[in-house]
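Shared between the two complexes below is subunit A, which pairs with subunit B and subunit C, respectively.
Entry: the complex of A and B
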């Protein structure tokens, strides 16, 4: 399966790649995302202090010992800032991957089997869409307890419905094609038809879905942390850092501004990169966004 | 001169600055009341040329040189407002797809009235009266009722009449028709062509008729101009050009047109009746159920009896042609035999055993022995799978080959269908239409079937490509002794491949028998109508000693004696 996807992409790649390289906004997005990923990966080896280490006095100003000063408890702010994206990005990544895999499977099932299976899957999707995400989260997280595992589950649940809808819609355009009829006449199993005939044709769509949901999920995790429903202290996390710093916004505004800049550059970078890549692949990135 | 183009060049950008020429230095002229046919295969630039005659180009392309003059005035030099004044009044166009050129949320009347009110400044009542008059002029039955209808309530032929009426609304001096009948059935095409000729005689409108179908051009046009790769390769009086084509490409095109007068294939082997037929269909009935199992590949016409009491035999190595227009039930027959649809009434025997179930319930061996090839070659190949993987799949499923054996065999199949082995790593979109269809045929023959069902396999192809694909099919069939059910609306193609033929109309058999006999002496009026519509008018004045031209490919199948065919 993997071989066919990469093969197909390599066939279409030169033109798409050229378009990506030619679009400055897309390149800015890609550079921003790469920078964040590199920082997140390297952070543990470059930070001067442990992120939870009480290294100095509270609210020390930026200086030689603490490049960005210290926070409310006297922890090195730079170290916390560099470490602050890791958990959010991991939670968003795993949650969205689960949503993509499950959504692709259920979406293809709904389109391929049709009838009752389609009805059941799509009515469940409708139900999910009818409940505001924040309400769902507000019930699930206190209910199941506040842990990374629950957070990942919640992220997957929030995003799976949109993926199902998009994949099903795309699969329905593949359904009437003769190559599907040819596979039926060969006696291929349903699973084999979904994997061989449908999946390669929704693969590029899934890539774009993944990127869109990623930026949205990072924002969601950060918002939850800010509200105290996400990542728990003392873990360094941007959302949490904003929430900790918000009480001192008049005296030490940088405690809020630095993590906000970090979060913004990541999300904006992801959006720019996604839109550029989707355009180059001939897909509509905005379509997925609306369904959130 | 009414309309004249000189050295017209139209280029389109590929996004990297360089322009490719779709129309390359075309000069042609048309006088009042004349008819000019522009012929050529897909991609030759004929539609781009047609739009440029109205000073219009599609986004991404532009006119890079030359002139289009109407009564001596260069319309390309006009500002947009001046061009708009010319469109509709001096020159009007009938595009290919009548449905996409009508707005589906407005009534027919409202759409024609709008043209008259805007261009001619007529009052509401006057516009209505005129548009009903126009509809009547296109021989539309009950024009007042059609005036109130919506496009989807009309048949394809009626829609095309409406579009012609709209184009004629402002009495243009020139009418450009871009493949106006390609999407229509042959009998409908004949009616529309007659209408076009009548209107020309009545209004004295000069016509430019664009078509890939030389036969159609021969029916309508006094002069013809043959295009290839954006250039005019030959131009002249239609009769004279067809009688003695000067250009090699024109000769090749003319030779590739299948004719109902061609000899049908003569196949050696036991006469039917001596042996058991590969396929015996007895009293097949099929009614699309209201509700029931949903099969997404096929149109569902609820409760309609699609096939009624159809019986036929196909013997090994023989081909049965199934002829009919859209809605005749011919695709339903293919779907029932292949197993895409569960069987209805009647008995279908395959090598003596009754076929009962849909494909998924048949044995793997049965599925292997009946193979199907579809109409649209691109749609029948998964765009994300390489040609190699497409061809290897049946080999692995049906013969359990390992990947190395399967790939080697797939390469042999490609070569048998005259494609390089290197094509195994290509993807369907990188292939031409003819190559795609040859891959689809190769995939079917990979299973070494006893019966192959070809559903309009050449309808989407250019004539020269069609010729090659049919050659390959015939030679493959002669080599393997595979029986073939060949479905087509094109009687010329049927004549070329089928030794027996059945004519279907509304699910009922109108005529049946050996192809030569049925075509020579059709019993049913409907068959006669089809034959008249398909009759090749380009042959009638052919010169007795045509210069033999070497074919682009030389593997003429046994039984198709190329030398005997009109060239």
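Entry: the complex of A and C
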């Protein structure tokens, strides 16, 4: 796989943009993601009832007062559905951003310093990779408790290892380049070389990493909420709403179907968009994709 | 080659020790010990400090953390995970039955997913960038994006409620006969393989496309070897190497998926036991379940890497991967 080094990416941009606009699946993905982001941002101002407000009787059918009916406790389902992605998206966003920043730093350190630092960082990465994500969260929750803060921390912990691996592999291909040797000869410090010579050359890779890890993190946070290990009631959250509705799947399947559709359109959209944009930039999104 | 193999086994052992340290430290050292974690606030309000100290001594928690860790690890390595904090039952009695049921689920899934993914991957690579490839690739992205609790409930709605063909939840005992488990395994396995097939077929497609573009395939083409023979005799075995490289990620993803699927279908496996133990705060069961999951990933990753050494002459001659 050929990858341009330093600067050439911006020249490739218009061509990449044309390819993105020409691919219908990519455009569908981008539209889905934008729609979800807009709904999540605007939800607090458009919802008819408070998401945790006991507005009616339990299991009221859809009608004029409640467009999608009410849930198990008599809360307006539409309001909860519109609000249901906000916390998951926020937790995933903050957690993944921390993972990207920390992973880029540690990956560059591993590649630049090599030797013992590389060995220690990579063995810790191997250790994390050996523990499946949901088990990793499971073993932390009894001791650390269950809160949004802990959830953000575990999301960062889950995704930092993959970022370190990708950044380190890319940085090792940059290491033998002449501009790195030139910076060393100029007497630049390690930190300055990492920030000014390496970081710009892994930036596009980090963007793809961010998008891939985001969709995976949204899936993970939702799955954790479904299992009762993630976001706690009464917060409106799609994973939690599915687990609350699943006991009534025989009589009121919509309680499960609506939040499932909301979650899937977001994640499918994110993955279609990522795949299309990564293809257009000549990056390889598939290999980095990690579920759970 | 022998040194590469020994080096690789040593690495696995090192990771196993690091995992055990992490599992132990996560539950026993920070921020309290196993007893603090196990007791609820209500318990703590009733118990006197003397009673707590007595319970600590009975559980051996008054010993230094390092001693307890060595004790726990030496037990864990021979399959002895101690007793539960709250009831005092041996952890082994609780986990071995569920472990068997989870392994059954993992093996069934992999047995179905690998051949299906190979066929799909070959189709996509053969008609690369044409309609079949586009359909497969988009299908893989969608399949990949479905969380197990959504696809599982969708299958329950479709094939257990609207078309009552299969049972929605599993009502068997943990020690139920294998054959009965196979019948009820259809929907759980169908749920997990969606993600597995999507992931594996994408990897195989990429591996195939890379090996079809390699020098030796080009030489075989120039020598007049038929394309079909090139694909099946040369490219498919070569494409297995990048797929085997992803074995750790595949197994880890599979195990996470199994935890969710077991919860959706009430499948009496280790994942369901883990979730229940987290709710009941049975820390020693949680430790054992997570440790065993990691052991599974480490062993499968080791086997995959050893297969790569056996498959790939370049790796075999070299000093192994870093």
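Assume the second predicted complex is superposed on the first by the 278 of 292 C-alpha atoms of A that agree within 3 Å, B and C clash if a C-alpha of one lies under 4 Å from a C-alpha of the other, contacts with A are read in each partner's own complex, and residues count from 1 in each chain.
Here is the rule we use: contacts are C-beta pairs under 8 Å (C-beta built on N, C-alpha and C of every residue); 3 or more make two chains touch, one makes a residue touch a chain.
Given the structure is predicted, the values throughout are model-derived calculations rather than measurements.
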{"item": "Fit or clash between subunit C and subunit B when superposed on subunit A", "value": "fit"}
{"item": "Which of subunit B and subunit C A:203 touches, first, second, both or neither", "value": "first"}
{"item": "Subunit B versus subunit C as contact partner of A:187, first or second or both or neither", "value": "first"}
{"item": "Subunit A: partner with more touched residues, subunit B or subunit C", "value": "C"}
{"item": "Centroid geometry (CA): angle subunit B/subunit A/subunit C, rounded to a multiple of 10 degrees", "value": "90"}
{"item": "Subunit B versus subunit C - smallest C-alpha distance in the overlay, whole Å", "value": "5"}
{"item": "Contact set on subunit C toward subunit A in their complex", "value": "11, 14-16, 18-19, 22-23, 26-28, 30-32, 37-38, 137-138, 141-142, 144-150, 153-154, 156-157, 161, 195, 199, 202-203, 205-206, 242, 246, 248-249, 251-253, 255-257, 259-260, 263-264, 274-275, 278-279, 281, 283, 286-287, 289-290, 293-294, 297-298, 301, 322"}
{"item": "Subunit B-touching residues of subunit A, taken from the complex the two chains share", "value": "4-5, 7-8, 11, 114-115, 175-182, 184-188, 196-197, 200-201, 203"}
{"item": "In the complex with subunit A, residue positions of subunit B that touch it", "value": "294, 296-297, 338-340, 359-360, 362, 364, 367, 370-372, 374-376, 379-386, 389, 393-394, 397-398, 427, 430, 443"}
{"item": "Residues of subunit A touching subunit C in the complex", "value": "25, 122-124, 126-127, 129-136, 138-144, 215, 219, 222-223, 226-229, 239, 242-243, 246, 249-250, 253, 256-257, 260, 263-264, 267-268, 270-272, 275, 284, 286-287, 289-292"}
